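The following pair of complexes shares a single chain, subunit A, combined with subunit B in the former and subunit C in the latter.
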Partner chain A sequence: MASLHANGTLGGGDDSQNQHDSNLDNGTSRRLTDEEFDRYSRQMIVPGMGKEGQLRLINGRILIIGAGGLGCPAAQYIAGAGVGTIGIIDGDVVELSNLHRQVGHSTSRIGMKKVDSLITHLRDLNPLPTYIPHPFPLTPQNAASILSAYDVILDCTDNPATRYLISDVCVLLGKPLVSAASVRTSGQLIVLNCPPAPQGVLADGPHPPCYRCCFKNPPPPHAAPSCGEAGILGPVVGLMGLAQAGEAIKILASALHLPTHTGEANLRQPTLLIYSYDLAGAVGPYTFRALRMAGRKKTCFACGEGSEGRLTLEGIKDGTPDYEVFCGLNATPKGGGLSPQERITAGAYRAARERGELEGHLLVDTREREHFSLGRIEGAVNVPFGGLLMKAAAIKREGGRGAEILPGVGVGAEAAIFVVCRRGLDSQEVVEKFKELGLDNGGKRRIMDIVGGMKAWKDEVDPSFPFV
Partner chain B sequence: MASKPPKGHFHVLYFAAAGSYTSKQVEALPAPLPLSKLFATLEGRYDGITAGVLENSLVTINLAYVDLPGTSEGGEDVMIEEGDEVAIIPPVSSG
Partner chain C sequence: MGDSAADDSKIPITVDFSGGLEILFSNQRHYALSLPAADKDGSPSTIKSLVGYLLKELIKDPRQDLFVLDGHIRPGILVLINNADWELEGEEDYELQAGDNIFFVSTLHGG
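== the complex of A and B ==
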């Protein structure tokens, strides 16, 4: 298989017409084996695919970054379709809470590296492709050397920092990027950098956008919850992963990623597909939306004017840009200014309760309603974080009484307030908010953050607590 | 959920985090409204939505991406007209 790629990279941005043609011929002149004919016959007879398309798939190389809710279904259909080389990168191991959506793993493989688990499944489905495991996380240091060995890249990851890293490296290496994301009941899909244009070039455009052209700034960390925090429905993320497989297969089979191919016109209109699943209603007018996106942006950090001077493969390897700082991951929480007297460990809170020192206190749990419904500390009242912030802002603006923010559960104005959240970040911000609203009566009333949230409660106090 | 806004209004669709923030999928707002006033109008209804959601979101009018006026992209101000469909699309990162 490797020799088929020896005379030029399929994804190269500056292939001459000749190289390009020889590349296309290269894979399409051999005979299919009997098994290949049998296995792929139903897709080969689809108009536009044919034996040529199938051979381009067989000669194609796809990298799937992330073996989770997107990566599992994407990998299944890419393997089934017979893409010849399939790389999978992920550093995680299979957990029980993955299996409702990550259907390429299995109950019997809990604890196994996700990459090995998924490849086990894929080999059973189709033993013909070459599977390349990368059982570690993608980093700025290893990204370029891994991505460079593939023709099409699938972003199936779960965090903003890695999404920006992947997009930047795809721009620099000239690789088409099929990007999807999903959380709760929402999904997004977009094909980026396809066909690839050299970094910084704006003439003869429009050229296709990169991820930064579409989303210039990452969401603030608390607004980009992971599936572990916010929840995810299997079919929602699964549909997005399947759509990624569909895009990747068409890019390879029709050679849409090659700059000079006539098919490029199809990709000149970058489109963001949005899927909005409504748990409480049937398919409706907003379920699918196809939004026309702009092309490459002149001002884009990664691919716009002068970008060669600020984004390079060497720079990324050396830590510039710093993706974690860019995405605010190292920022201290807003409540980082709490004094030690305003914080209490879960264990100390429990002990104080048992000693009867907290008679009549108010315990506010700021997790989402669904988390709260699965388990709570006895006596806790639920005031979800998002709504609380909005209400706090409204009270400030309209000059209302600070106490309006508290649930009407009949606690005295002197009663101590304890705040707990999921992992201990939101609760610090809420303590600050309560103080801003004057709930501490100028320091006479105790308002305390429970350090580490319900995670710490489970670890320190109640191992049987159903923490999600 | 009507697919046409009432007379004299346009629709705003709230996707992903924007929907969580507003607790709505769609609502009708009075038209016409200059695009340059959109964020301030939404901020007036949903405190903190600009910094929490809008600044990181992309905006479309009638299914087409628009650059916001006053940003580094220097988008032209346009009028959001009666019957238009505006969408607020925050990035989704999970998978």
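== the complex of A and C ==
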């Protein structure tokens, strides 16, 4: 152990060599301090890392976009490894529901900006790096100026629009991008644009793909659930964040981010790693899969043929492309066709109940079983949305009675039906479905949507309701 | 289609779903299937034929638009043929071979 302190011995041997090429090595020849030697010794003795790799990490600059379930573990290991400059960008504040997976924050820092909370944790872990807080969201307007100050970019965000923005700016600035995502029990990881090749270049390939090469079009918004909607397990997203740290450290330590290293020899097979976690089963043959992806595509909007003419940093700043429109975020939700008479606010529903006007009514809660089990309005019956749609389709197909879709809880055929969901979208669609199935008896029976779902119930009626 | 010709007229393949697509397929991630070796017109079965088969035989959920839009696999779903992006293999015209593994993955965006 003591010998690891011997900077003079370990480092000194290299010094004469280092002085010869000190102009060529981007600062990888300086001595390490005693503390650096001690702190990083275990990783420096790993074959391939060495003092040179460590100094590349110390001289390296990594930007972590998103200080959540991916960003926390990624940042912890990147800071631990001694990457010299670590930027973190996120506009959110720490919430209690983050902490099962966002382990770089803490209970005592709830309400603090995530960026400041995470940096507090990282400084305690390793005070040597320079930490740069960017406590606001990444936007098309600020993206280029922020990303340009870093060597490697980590996409730890949670939405498609930001993912496409980050990739486009990485292409234009020539930055390697380590991208990961995770929802529920699945995770994905891919290294993009590494080593970086200039935009639009296709000759003398193959060249590495960008995010758009691999994922040309975003999914429709309703097909891309967030962790808030679909749930997420800490170790699943955590493992993906750790893998991002591993890839970023590799890129810096092996200098794969430097343009001088661009070339066929360095282009490895682009690979998408898929992690499928099974809550009810052991690790199996399908738990990890490594998928071979294609390289840069001629037809890619961002980096393919003629892309210089359609994607520029100035254009992005000015709103072209429009990432929100591209990802369908301005589209109107399904079921927007209900009349005001078919909708009731959570507050008005509760008031009508208290006045005794809703005697014998049926309250259908269409959230998933797991959500329902954590809290419900008294008397509600659970008919999860997916199963309900499935049953509605079967009834239509096979010509069954519409009433079969309702749970057998003994309500009269005239009893009013109220539908509530998590945030008020699915419930509108369900009201439409019920009417299609003829449950409204030609308009004689009231079928109503509770506006804003259980979120509104918490906001307007019961602040203590455990909304998830 | 008689039993005696079963070996030649069917292709055994495996099909996997991930990234949430399994929800549309009875929450089962792995399927071993036996597909007709040829379409009705006698041409060899392709990924396109497989998608038709999945829609007809396997998908229970009415939300088919989460899998197929306008007759094609919807945006945001990757198709892997024996662990390789289908764009490396000819996309939906790829002719299925015995023992192939076809993997449908919905791209994730959470984090």
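Going forward, the second predicted complex is superposed on the first by the 427 of 468 C-alpha atoms of A that agree within 3 Å, B and C clash if a C-alpha of one lies under 4 Å from a C-alpha of the other, contacts with A are read in each partner's own complex, and residues count from 1 in each chain.
Keep in mind that, in the parts below, a residue touches a chain if its C-beta (ideal position, glycine included) is under 8 Å from a C-beta of that chain, and two chains touch if they have at least 3 such contacts.
Since we're looking at a predicted model, the values are computed, not measured.
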Overlay on subunit A: subunit C relative to subunit B, clash or fit: clash
Which superposed partner A:299 touches (first subunit B, second subunit C, both, neither): first
Partner chain(s) touched by A:317 [first = subunit B, second = subunit C, both, neither]: neither
Which superposed partner A:455 touches (first subunit B, second subunit C, both, neither): neither
Partner chain(s) touched by A:227 [first = subunit B, second = subunit C, both, neither]: both
Which of subunit B and subunit C A:70 touches, first, second, both or neither: both
Contacts on subunit A seen with subunit B and repeated with subunit C across the two complexes: 66, 68-71, 155-160, 163, 180-184, 186-188, 214-215, 217-220, 223-227, 230, 232, 237, 240, 272, 274, 276, 278, 286, 289-294, 297, 386, 389-390, 393
Residue ranges of subunit A in contact with subunit B within the complex: 66, 68-71, 155-160, 163, 180-184, 186-188, 214-215, 217-220, 223-227, 230, 232, 237, 240-241, 272, 274, 276, 278, 281, 284-286, 289-294, 297-299, 386, 389-390, 393-394, 397
Footprint of subunit A on subunit C - complex, ascending: 16, 18-20, 23, 29-30, 60-63, 65-66, 69, 74-78, 80, 83-85, 87-88, 103, 105-111
Residues on subunit A engaged by subunit C in the complex (per definition of touch): 66, 68-71, 155-160, 163, 180-184, 186-188, 214-220, 222-227, 230, 232, 237, 240, 272, 274, 276, 278, 286, 289-294, 297, 386, 389-390, 392-393
Residue numbers on subunit B that touch subunit A, as the complex places them: 1, 3, 13, 15-17, 19-21, 25-26, 46-48, 51-53, 55-56, 58, 60, 63-65, 67, 72-73, 87, 89-95
